[in-house]
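Alright, structures below, take your time with them.
The following pair of complexes shares a single chain, chain A, combined with chain B in the former and chain C in the latter.
Showing the complex of A and B:
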């Protein structure tokens, strides 16, 4: 949503220094010590589930079926990387891990390119129906993908794309575009008009203005979009569940089969889940600011 | 954006030049989003195979199918509970983090779940709520707390071989005893490996005058004689034994390491020996979190874990955008901090809170992965939501794409108000 994208750009609280705001004094009577303890407990509550998964992934099947991961504090010798070695050696799982890249990278690149182009036209080229088109894009922001599953499955079947990586990529591109166009258009329209006009005076074509003027200025917005879209596709289950076959399945779909016997598969499931989380967590920690901006702006998807 | 200028005043030179820029995105959107929307709408009026026009019957079936009704009910629970809870938590934490030095770290921790897939989050919480207290930490904690207040029994599941009636209070002897007798009390139904280490070989005590004596031991029938103390059999230490007269406990004792017990000062007359049930109660194993009755609250809790960081960050951005002057003015007028918060901050923040809330409602309506992963197959029917039901009907076990299309259209209609909300906000901001 517009407001969303703008507010986020004005202030990025996650990366900013904490501010002793005036509002904060409203709860002054609670006492600072109490607040500190409360928030520390909350933070621990948020970390424990992930920590548990990590430890479970470092314990073998026997350990995981007979005792909880928290017993590791008394028996740290149990920890092993065997699960990871086993999972990576498994041809099907490793292939699905690679497939996740093969799906996420093109689906991200195509969305960024197509959305940049379309956003430029929606921002800086006058054509009839521009307003309507922009409103349609805003409307499509919250479109549930369920609406397209059956028809697109038929369509892909007719073109031989059902069950292929190309098909999964195309679907992600289609449902990534509305938000991508919306985010970039918001940014592009904020570029000072003088910049564009000056280039036009110099006789630059639209293509040159797009490439030389708009794209360089829009790097932060494109970075947010890239990270958001990449993680969105990386983390998908539903689209791949419908459109991918066994050979093109990403890691989420590949792991899904293990869910049936959860209790005895904790070693493999936790390892697989953690393997699939490594990339998002790395992206999150490295590009925190852009990621937070992207998620806040794209939360309506 | 701060730099935003009036776009319409800066037209490009020729409409035709827009075509190459727009074409790729438009083709994809038209083919894979707009056309499917129309197709789904039409398809929802045809039967499972798509041959026959059936009018509204897919919709009628949808609203009479118990599975779909469960999904509806759950979606209502989700919408009523989850977004409000997350918005509330987000507001509280956003205000509180203004008071601490490590606000950045705190928000980072709570935002982290947004980065990982719902599938992975689902596995994380499936593990958290796993029923076996040796696997799921919630039940491990529940058992720990429970056992502090009512300690676990020593011999869960064990029972006398014969001659004792199982009652509420415990195993009660069928025949009365009196002082001077010796009672042999063989127990079965317990694994020899679980007998405490301090247990000694069992032996039958000799009769004592004025005393009721006896032995409780684990009667292993393999390699021994049932009902009699064999040399290899061990006594069971720590078993509570009661002597009951006319419904009242008159004496209580505990077996020693060799399984022997003694009632020293029984008055004359008959008593009935009873082994209280506290010896044998099966251990508390926690709650069936992933069972039919608790599954939806459990999945909602995992969603709260995922989305709270988003709400905090969003609301904190709104908080920092509140003009300081408004707050100071209220303070100068003598308002208390609580009044400032209630009367100034909240109203100024309400547009942001509304956006957060609407965003969360949309997210909740589309919830799929969490239910799919956290609910075990056997309770997926109870945990069902519309998005999951749509997948199951069309691609899972159902294979009925007519009914699936109807569900997709219903989902679309539920999201449509949010669509209009977005468009109206967008229009308002442009004017």
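Showing the complex of A and C:
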């Protein structure tokens, strides 16, 4: 019997991992290194312009027009916070900053609430025409917003919404929903059917299932949707340019208004751009903790 | 607690496929009924219809006094244990078990009392604060059980609750489920494809095939008196040996001819199965359970009770020895046997040219080795007979 045991021990690999040949291991290691180099290159391509923008926001107008931002490496004394002081003192910029909040927060909240309700119904409630409705809603993804600008502007005019924050919000909500529903429905349908049915057997109504099972489980998807939607609305220029007036203009429009001919006031633009980046960055950092892998782990099997 | 009565229950899908046809089952209050059959036999669909998770095409389901055809799952007061456990991943063990109770708006103290009591029974007390992902498979299974038990429902529905556990744990949990069910006496419908589970757990076992109930009865009855080839082959492990043989009468005695050997039918068999006389001179399907064979050297064998062959394979199981040996008769191939082979995953194995291979379960004291002659004693009083055309058991 000992003999048999010996043989078995020899045959079973010590670790659970499949054995790999020398060649495949070498390729794997090479591949890993290659991926890291590629990531570094991509990161540099992304960071250099942003870094340039940051430096530009910290140099005065004369310096920015006479030499490139990289001269800061030889003349660090050029750096100044004057641009930020000037911008913060500008009442119009502050108002537009607030407007951006008034637009982005409801436009994000409405989309997240409506899309999660709709996605639950489209994933887990049986009703006639469900598939068709899903296809129609998701099909709206291919609709470019540019074709809708003029008809919707006319509509808003008729309802007195043109030039108001409400109008801008409504437009963002309408065009944000197809993607939001697409994203959330994909996630919701991925929730194990057993989990929904277990709640049903436990005595939960659809609303309770949605609130107490689906929403907590879908946190990562909802967090990503919140970030995406918020960023899009925050960074939007086109919709605001069309539908907002002077009083309801968000920061993107206000910054654009600062543009002189040929866009030569890079000092003010870069400063504004950096200020407006702070909020999305904060939102991202706030929600990123929900991107925890494997929220469903342990539920089934 | 309540009885569950299925009357003429049927399920057809939109594309015309039928999952369940005319299912009639009267599950008594407190009974443990096991629905068993190969995959796709409709057992899970039947269970899901009782749960209210599947629309009923025809027939009625009654739980207690109430016909529940149009009652939503949440109002049926039945609890289900899923194959995948389906624990709420964001809730800890305590909240998973308490979920159904909180929805019923019970007092906090009452919920706490019941959850802790159930946790005690299932030995989950020390894990109450843990999330499902930090539990082992067996612990998750127990939480799923706890979630059902704590509600004290009219009936338990269990959909292959042990199939994700490894073999040893499965045997342990099987015993625990049986014990708990007996203690609290809740009517239980249990679905499995594992006939061992079915036999050990069920007060009664219902064998299904292609949506049709084949036979329902206590485990021993299914084993001793299967109504057809399908039930005969499905119940028992290793499965019943099935061979084509000719029934012959000689000097007033009845013989089962297996070409080289013949088995003498005792009077008792003919008394039990009077209809056998009509098959004289014709082919019948003979069933021999492996347990009903023994090494002749260890048995008190008489003439007409012995099959001679050469051992193909000898499997020592410790408690007994499985001896495989061919006999010179064509194997039985019917719809039933094909489906059984498919279910066992042996349908694509190469067929031997040596006729039909029988398996005998011999005492471990046997001295038969591979390649050596076998003389197998057959308990002829326990032979089974089936009509080759219909597959039905031959009785009256």
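To be clear about the criterion, the second predicted complex is superposed on the first by the 227 of 301 C-alpha atoms of A that agree within 3 Å, B and C clash if a C-alpha of one lies under 4 Å from a C-alpha of the other, contacts with A are read in each partner's own complex, and residues count from 1 in each chain.
Basically, contacts are C-beta pairs under 8 Å (C-beta built on N, C-alpha and C of every residue); 3 or more make two chains touch, one makes a residue touch a chain.
The shown structure was predicted, so the numbers you read here are calculated from the model rather than taken from an experiment.
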Query = Of chain B and chain C, which one touches more residues of chain A?
reply = B
Request  = In the overlay, answer first, second, both or neither for which of chain B and chain C A:192 touches.
outcome  = both
Query = Looking at the overlay, does A:91 come into contact with chain B only (first), chain C only (second), both, or neither?
reply = neither
Message = Contacts for A:200 in the overlay, against chain B (first) and chain C (second): which applies, first, second, both or neither?
response = both
Task = Kindly classify A:74 by the partners it touches after superposition: chain B alone (first), chain C alone (second), both, or neither?
result = neither
Task = Answer with first, second, both or neither: which of chain B and chain C does A:213 touch in the superposed model?
result = second
Inquiry  = In the overlaid three-chain picture, which partner chain does A:132 touch, first (chain B) or second (chain C), both, or neither?
reply    = neither
Key: Intersection of the chain A residues that touch chain B with those that touch chain C   = 192, 197, 200, 295-296, 299-300
Remark   = Within their complex, chain B touches chain A through residues 1-5, 7-13, 15, 17-18, 20-22, 24-26, 28-29, 31-33, 35-37, 39-40, 43, 93, 95-120, 123-128, 130, 132-137, 140, 305, 309-310, 313-314, 316-322, 324, 327-328, 331, 337-338, 340-341, 345, 351-352, 355, 359, 362-363, 365-366, 368-369, 372-373, 376-377, 387, 390-391, 394-395, 401, 404-405, 407-409, 411-412, 415, 418-419, 422-423, 425-427, 429
Task = Under the touch definition given earlier, write down the residues of chain C that touch chain A in their complex.
result = 51-53, 72-75, 78-80, 82-90, 99-100, 103-104, 131-135, 137, 140, 147, 151, 164
Key: Complex contact set, residues of chain A against chain C   = 192, 194-195, 197-205, 208, 212-213, 216-217, 294-301
